[in-house]
Amino acid sequence: MNFLSDTTAPAHPALIDAIAAANRDFAPSYGADPLTAQVEARLKAVFETDLKLLFAVSGTASNALALSVLCPSHGAILCHDEAHIHRDERGAPEFFTGGGKLIPLKGAHAKIDLAELDRALAEIPEGFVHTSPVRVLSLSNLSESGTAYSPAEIDERAGRLQDRPAFVHMDGARFANALVTLGCTPAELTWKAGIDALCFGATKNGALGAEAVILFPSVMDRFEELQARQKRAGHMAPKMRFMAAQFDAWLADDLWLDLARTANDRARALAADFRNIDGAEVLHPVDGNEIFVRLDDALAARLRSAGAQFYQWPDGSARFVTSWCTTEAEIASALGAL
Amino acid sequence: MNFLSDTTAPAHPALIDAIAAANRDFAPSYGADPLTAQVEARLKAVFETDLKLLFAVSGTASNALALSVLCPSHGAILCHDEAHIHRDERGAPEFFTGGGKLIPLKGAHAKIDLAELDRALAEIPEGFVHTSPVRVLSLSNLSESGTAYSPAEIDERAGRLQDRPAFVHMDGARFANALVTLGCTPAELTWKAGIDALCFGATKNGALGAEAVILFPSVMDRFEELQARQKRAGHMAPKMRFMAAQFDAWLADDLWLDLARTANDRARALAADFRNIDGAEVLHPVDGNEIFVRLDDALAARLRSAGAQFYQWPDGSARFVTSWCTTEAEIASALGAL
Amino acid sequence: MNFLSDTTAPAHPALIDAIAAANRDFAPSYGADPLTAQVEARLKAVFETDLKLLFAVSGTASNALALSVLCPSHGAILCHDEAHIHRDERGAPEFFTGGGKLIPLKGAHAKIDLAELDRALAEIPEGFVHTSPVRVLSLSNLSESGTAYSPAEIDERAGRLQDRPAFVHMDGARFANALVTLGCTPAELTWKAGIDALCFGATKNGALGAEAVILFPSVMDRFEELQARQKRAGHMAPKMRFMAAQFDAWLADDLWLDLARTANDRARALAADFRNIDGAEVLHPVDGNEIFVRLDDALAARLRSAGAQFYQWPDGSARFVTSWCTTEAEIASALGAL
Amino acid sequence: MNFLSDTTAPAHPALIDAIAAANRDFAPSYGADPLTAQVEARLKAVFETDLKLLFAVSGTASNALALSVLCPSHGAILCHDEAHIHRDERGAPEFFTGGGKLIPLKGAHAKIDLAELDRALAEIPEGFVHTSPVRVLSLSNLSESGTAYSPAEIDERAGRLQDRPAFVHMDGARFANALVTLGCTPAELTWKAGIDALCFGATKNGALGAEAVILFPSVMDRFEELQARQKRAGHMAPKMRFMAAQFDAWLADDLWLDLARTANDRARALAADFRNIDGAEVLHPVDGNEIFVRLDDALAARLRSAGAQFYQWPDGSARFVTSWCTTEAEIASALGAL
């Protein structure tokens, strides 16, 4: 009953097999290998559009690299106050952009409130040399509270930046989890709703360590710059075929969607259990594979002594994360303990 | 009736005279001149302590330089959400620190609320590699709303960081204005209350262009680093004697205090007028030379047509700034227009 | 006959197996897993000393991370003019250090000439605020010309910095290749000769993608800073166990030394062939797995038409790189073509 | 007999007077004042072209600001190995560009050798992601050895970059000194010869502290970016009128040319004296106000005991700098001592 994080889970065996299969003969390095090209082709089909692809070894890297080609060193990035890029990346966006400013906004369930966004935009004029202008709006989907922005919610927020030379970035470390819950297409959840660049995470959903930065057509002209920054940040792995192999197997036969669906199903089941129990209060909609629940002490103790592992969140709640390998038996055990 | 900003005011004639007087013979460059040494000696007397001094040409420069020796590139700086370093310096602190993170806090009258500070500190643990740790608390005195922190208020906030390897910075662009209102000593308002580094502004209070970064004994060991960063940022002016000359004349015979007193007196008088008028609401305590007042449209129009110049503030209020050269006659004219 | 680069070679199967074996159950993320601890223990044995270990995904990353904790943002790094950190990392050291300066030095066979080093040090005084002081000497072993510094050569160069607050860094992307040729111990080639930090590469010698930054006792106090910078640069991979697994298998039973020995043997054999042929001139001592040879056009054409792949180097020579999987048959084929 | 540096000289009295005259009434801050506009108009006449102007407080600042809008953070700047930007600015260009790389080139008399430039360009391909591409060629005029590039020499070097997306920067800290010696027009020495941006120094030639960054039409579209970076670096002085006043008086009636002519005349006279004396060897052409001379010990001692002050240069020579206020009597005294 390990509910600590989807980063503590193992990788799906199919990805290990793919790595072994890729380990034949010589292959061009630094992303010029045929597997990387094949993944790009797969992603064009998945997202129903032309796009540019680049791999990175962590979500922090992919977010910071993407932001660094969207926001100049003297620009600003709007994000939720609890966003991973603001709270959990040790200043990576500031570092990679060369000093860009993050401006945190409030909003329930870790989703940026529209009125807050409007207020921030009203306070930050264009063309005033003393103030960092807004160049990026960053949305996390899933959010830090495990909730999802719908295409309409994204479109509404992206629209607010239409009259500025600004872009919309999506931190999609758990993109698959949001997608299968919303039931829309990858295209609808991204570029059709105004997303310019997506950080598409596989690591938390079955990979060993592989994240993709995807530039949609509106910002594809920045790909050369992105590659230069990837190299300069040490993220252009020499034997890139092994990252590509992971993504290739993960995308094949919709494995990535199946894995996310499993994780989400387990989370929903566990959340349902919590909702039926006195002393537990589920704090946010469970749109993916994360549950935040306020537990009374007795309940928490009972769970722990039954072997359940989970994190205490800064707001006092308990966070339970399911993954592609969480079993129905584990959920049943947790229910038993409750 | 120019109430736009104290940066649009001329310099006090005594400082021009001092520059002319300093313009004799050869003098060592880059701060090794005798006038700079004399200013440092004067400041030691003013602040009743040993200290290290370095000049900069703008408040943005002095703040960013000071912060860059207090906060590592992967650390965080707590400041008020309306602080100059967060809103009006185009990301200079992020740039000078090499990517440090600013975390904005709320609080009435642009002073950091204690509960907000406590909440932020509780949310940011020490020793957690993923989160930028708090390394600086920055207080503006005067604040962006023209209010002053008392020594007790500073001490209270500084005390909250006592168990962290963190420092307290004061943005004192209008330090003199706060000081003469509070009636305490410079020492009481700074190092005795827990301030480690002060950015001590003269430009807004009668200088042509001169700001001092002052390191108090608790951080004096960082002076060599500060000089290296001053040089590297192009702020080590070759003919430093001309900055020193300004500060020298400004500190002589308490001219700096007289100038601040005059500006404050004018502001208090104008504020009193506003308080007696229907249609005007003074929004913050007037602790220095700035008044923020909500004006009804008719009043605002009347003032403008009488020749009064002032800024519309982002929150909808009107900002009036007095300076060392604002006259009683101008205040009387403004009253007449009201 | 692929002699393009050791980064185009596959990984050794034992490392794939190790990854598969590590893919069981949940494991702490971000380097807190038991395999990472086991690799650190192995390295302490290999280097006969206490040390600190951190993984990175590329040589560029490990070099830049190491340099960033040795050189302040206003310091300088001495390196050979052809060093990878100067020529082939797209400014990564400048980026990671926050603006540190690289000062390139000359020397035959890509090894820093002692007289050049002395001249550079004489020109760069300590304590002169206008000049970036020397804070790091970086040595590449193997060098960019495939030559090795002996322990005595390292010691001699490191000794020149003894009276400065400076450190010695080794770019060991091909450390194993140098080591087996020199026949000394890892300790003798590093900390005993004055090396403070080693970037220990496995990728070019049989790994999928794994580099280690090793801090020896003289700089172990910088490990916390190194971790913060690793995180901030996006190099703290969530599922670190998969990097650790590679290193673990690579170090086990001296596999890493066997792989390097094979690559070196093949290179020496090929070099011997070149030396016996008219129209080929081997330009540098072959101390590892790289041969730089000036070929007349007919010879080059003959090799290419026989299927040999190799790079044209900027100086006009041809570079042949062997790897752990280069076979004797390939060397024989090359000889046949010659 | 102070020959230490033109930065130790006082300012010309006309500039002090201009500052006093500018100290009337309120004036818009941050460069929006009428005097700044007037200086820009004057410069357009001087350089016979449209241009954009921005002030900075030091040569280091103006160089680094100019370079930061010409070179991306992952690009490279070619300069002479002895260039001020490489040797004497503590890494300011690396800092302001966000990590750009300086590549030092050799050449007699501190002027970049054409063959060296060609070699460097041949070694640095365009479009190779691993190597920082050349984006700027920086020429110092006067050079660090006091020599001048002629328009033809500039044109020849600038032409080498024609097929790259690269720019040519001139460090003109002593631009006036070069100009009056060459006898060409300011336009001929800059944009007509291929210069895109000029750092035009006044401080060493009679100002208190004022340097101008000038963008010629080829790069004028970068002015908004330059202003943003000026602000972010703390170089947008609030009361900019006092910098403008200096430049205004300096440009009026060709005062700047007269001052440079005086300094150059004195240098030429002193150099002639050295050339006539046994035991002194003038090392470089004296194209401006600097003389580098190898002195035997007796001569050096005689000069010092007669009261002459000068610097020992790193190469063992003695540097004598004359300035606008060096008198014929001083030159005569020096001759007497010789």
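Letters are used for the chains, namely A, B, C and D, taken in the order the chains are written, and counting of residues starts over at 1 for each.
Throughout what follows, a residue touches a chain if its C-beta (ideal position, glycine included) is under 8 Å from a C-beta of that chain, and two chains touch if they have at least 3 such contacts.
These numbers were taken from a predicted model, which means no experiment stands behind them.
*Asks:* Of the pairs B-C and A-C, which shows more C-beta pairs in contact?
*Replies:* A-C
*Asks:* Among all other chains, pick the one whose mean CA position is farthest from the mean CA position of chain B.
*Replies:* Of all the other chains, the one whose centre lies farthest from chain B is C.
*Asks:* Nearest whole angstrom, what separates the Cα centre of chain B from the Cα centre of chain C?
*Replies:* 50
*Asks:* I'd like to verify one number: the distance from the centre of chain A to the centre of chain B, where each centre is the average of its C-alpha atoms, in whole angstrom.
*Replies:* Chain centres of chain A and chain B, defined by C-alpha means, are spaced 41 Å apart.
*Asks:* Starting from the mean Cα coordinates of chain A and chain C, work out the distance between those two points in Å.
*Replies:* 34
*Asks:* Mark out which residues of chain C touch at least two other chains, giving numbers and ranges.
*Replies:* 30, 73-74, 89-91, 95, 98-99, 129-130, 228, 231-232, 236
*Asks:* State the interface residues of chain B toward chain D in the complex, per the touch definition above.
*Replies:* 2, 4-5, 7-11, 13, 16, 19-20, 23-30, 56-65, 89-92, 95, 203-204, 208-209, 228, 231-239, 242-243
*Asks:* For a test of understanding, state which residues of chain B touch chain C in their complex under the given definition.
*Replies:* It comes out as residues 30, 72-74, 98-99, 129-130, 225, 227-229, 231-232, 236.
*Asks:* Please name which positions on chain C make contact with chain D in the complex.
*Replies:* 73-76, 86-91, 94-95, 98-104, 122-123, 129-132, 314
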